[in-house]
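The following pair of complexes shares a single chain, chain A, combined with chain B in the former and chain C in the latter.
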Partner chain A sequence: MSRVIVITSGKGGVGKTTTTANLGMALANMGEKVALLDADIGLRNLDLVLGLENRIVYDIVDVVEERCKLRQALIKDKRNPNLALLPAAQTRDKTAVNPDQMKKLVEDLKEEGFSFILIDCPAGIEQGFKNATAAATEAIIVTNPEISSVRDADRIVGKLEAEAELKNPLLIVNRVRPAMIKNQEMMSVEDVQEILAIKLLGVIPEDDCIITSTNRGEPVSMSETSRAGQAYRNVARRIRGEEVPMLNLEESFGFFSRLKKLFAVS
Partner chain B sequence: MAFPLFLEKIEKLFGRTDNSRSVVKNRLQLVLMHDRADIPAPMMELMRAELLAVLSKYVEIDQQQLEVNLERADGTIALIANIPIMRVRTVD
Partner chain C sequence: MTIAIKGTRNGLTIVIPDEEAWEQVLSQLQAKFGEQESFWSGAAVLELGERELEEEDLKKAIALLEEAKLGPFHLVALHPKTIETGARIGLCPPSAPEKLPTGNALYLKGTIRSGQVVRHDGSIVICGDVNAGAEVIAGGDVVVFGTLRGMAHAGAEGNEKAQVVAVNLRPTQIRIAGKIARSPDHGAPPLSKSPEVASIVGGDINISPLS
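Up next, the complex of A and B:
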């Protein structure tokens, strides 16, 4: 039985693609067979975050328009053969695919024996959102502790329920900065969760490693030392049904920074 | 330590709520109330005007001080109107 999860947010730039790549890699490293589907047609990015951009021959539109077989378009990740990517088309737009074609595509992916199919949803609430949510049976909403992304996330909660019949979406709060929260300069994870009133799946701290790992095309969930990587692995474990406590963000200050703080001259 | 800075520390100590976290929370809650209620601004304006027209038949209202807003009360959204009455009209 495959699980089909759409990763969405409403607002752009909150970390949907990074989240999709990292959860995909983390789940694959836990032995799951994972297909990642980039539904952001015209603005292809998931391949870059995964470092697979040089291996694209065919894309999602080629499959839908039957210019190639699904298997030919799927790119197997050499670091972990459990992970495969179906890239978006770069030279077409959202109207190149419709929700029925997406459903068919996902059915075909299920036939291939994937245990997880993660769909990277484009920003916005138009055709691309409708395509990406059409075939999903579960939804993850990514947001940042910041006013506009939380507002958009709230819209998405409503739209998922009303239009896509996706109830009970799960929340990932990304780019959390514990020091700012501590100083009352940022909404806390609890604030965001209370406002959106959906179940919390994970908290990802702001981490410079995201930029450096994306520079290299290596998802941060592969890194043992990165805080964000650890947080993504925890989310993957929770998706698989494990009980994993939320990261204690206070710890991310580390012993030395706490020591520095202690002696800091105000 | 300069005195204003000292005051600021004291304020922090007592958890004064004008920090940017509580500001953003309040702004967000207000905007979401409007989003969720899905009442377009022109409709709010119309409701306000009609309310005013009906009430004006009976009482004289201070139009400058009139406030009609969506607010959250006990988890639900309520239309809260604050209508200062200047004087009651005499019924014929």
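Up next, the complex of A and C:
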């Protein structure tokens, strides 16, 4: 039985694509067969973050419009054969696909034997959102600890419950900076949870590694040293049903503050 | 009606009118080619029109022309039986002339950006850059006076002789006819200071300096 999870946020730039790529890679590295589906037609990025852009020959619209078979469009990851990407089309827009076609597509992916199908949802609440959520049976909401992204996430939770019949979405709070929280300059994870009142799946600390890993096309969850990578691996384990305690952010705070002190002295 | 002789790129073309009896044709051939023995030489094309011919008759004509130092021979015929007869004794139509891209080249000025597609039956010339995520698809060649970062498809209708030329060739992918080449995964290739050309060499897409 495959699980179909949409990763959504409402607001753009909070880390949906990064989260999709990292969870996909982490799950694949745990032996799961994972398909990543980029639903952001016209503004595709997932291929870039995974470093697979130059392999794209066919895309989701080619499959839907029957110019190729699903298997021809699926790009096997160059590092882990358990991971496959169905890229979005760059030269079309969200109207190129409709929710029924997405459902059919996901059914076909299930038949290919994937245990996880992760759908990278575009920003916004229009056609792209409707497409991405149509076939999903679970949802992960990504938000940043700041008011506008929390506001949009709240809107999304409401829409998921009302329109997509996706109850009980799970929350990932991304780009958390413990030092700022400590100084009360940033909303804490608890503040976010209080507003959204959905179950917390994970907390991802702000990490410069994300920028370099994105530019290199290598998901940070492959890195042993990155804290964000560790956090993503923990989220992947929780998705699989393991009980994993939340990362101790204080620890990372301590590390950074120690670094800061070091620089202050010198 | 008499036979007509034309010089074409496929060699000497001998057009034989349908109305003439074959015996007449043979004697005309004899008259034209038998006398000036050394004047003719090289490949020849027999254009037979709708005429239906037996193997024997065709062989007689060929033998006659061979004596005049002509050959190898090609056959252009419309009657299926004649085509078959020709094929039996090793006569085939001359190879079709190379199909050149139709229409004029499309000339564009400016940057082709991600998500944009330029499609044209003939060749495409772009005075500007082609960014990653953009697609340029041409029946003929693709020429970029700028940096090619996106996908270029030359000879999209199957012309394997088509080329992709760019002042700065750093594409995500290059396609020529049915072949696909992608950029290397690790590290950008060293930036060539001179324009480069991608073409099919020995069945694979090959990149070399434009000379």
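General remarks:
Going forward, the second predicted complex is superposed on the first by the 254 of 266 C-alpha atoms of A that agree within 3 Å, B and C clash if a C-alpha of one lies under 4 Å from a C-alpha of the other, contacts with A are read in each partner's own complex, and residues count from 1 in each chain.
The definition used in the following text is that contacts are C-beta pairs under 8 Å (C-beta built on N, C-alpha and C of every residue); 3 or more make two chains touch, one makes a residue touch a chain.
Since the model is a prediction, treat every value here as computed from it, not as a measurement.
Once the two complexes are overlaid on the shared chain, A:115 sits clear of chain B and of chain C alike.
When chain B and chain C are set side by side, the one touching more residues of chain A is B.
In the superposed pair of complexes, A:54 makes contact with chain C only, with no contact to chain B. Using the contact criterion defined above for the overlaid structures, shared-chain residue A:187 touches chain B, although it does not reach chain C. Once the two complexes are laid over each other on the shared chain, residue contacts for A:158 go to chain B alone; chain C is not touched. Shared-chain residue A:150: touches chain B; no touch with chain C. Legend: residue contacts after superposition of the two complexes on their common chain; A:137 is shown touching neither chain B nor chain C. Residue ranges of chain A in contact with chain B, taken from their complex: 146-147, 150-151, 154-155, 158, 181, 183-188, 191, 195. Within the complex, the chain B residues that touch chain A are 12, 19-22, 24-25, 27-29, 31-32, 35-36. Partner chain C is touched in their complex by these residues of chain A: 42-44, 51, 53-57, 78, 90-91.
Residues 114-117, 132-133, 135, 172-173, 180, 182-183, 185 of chain C are the ones that touch chain A when the two sit in their complex.
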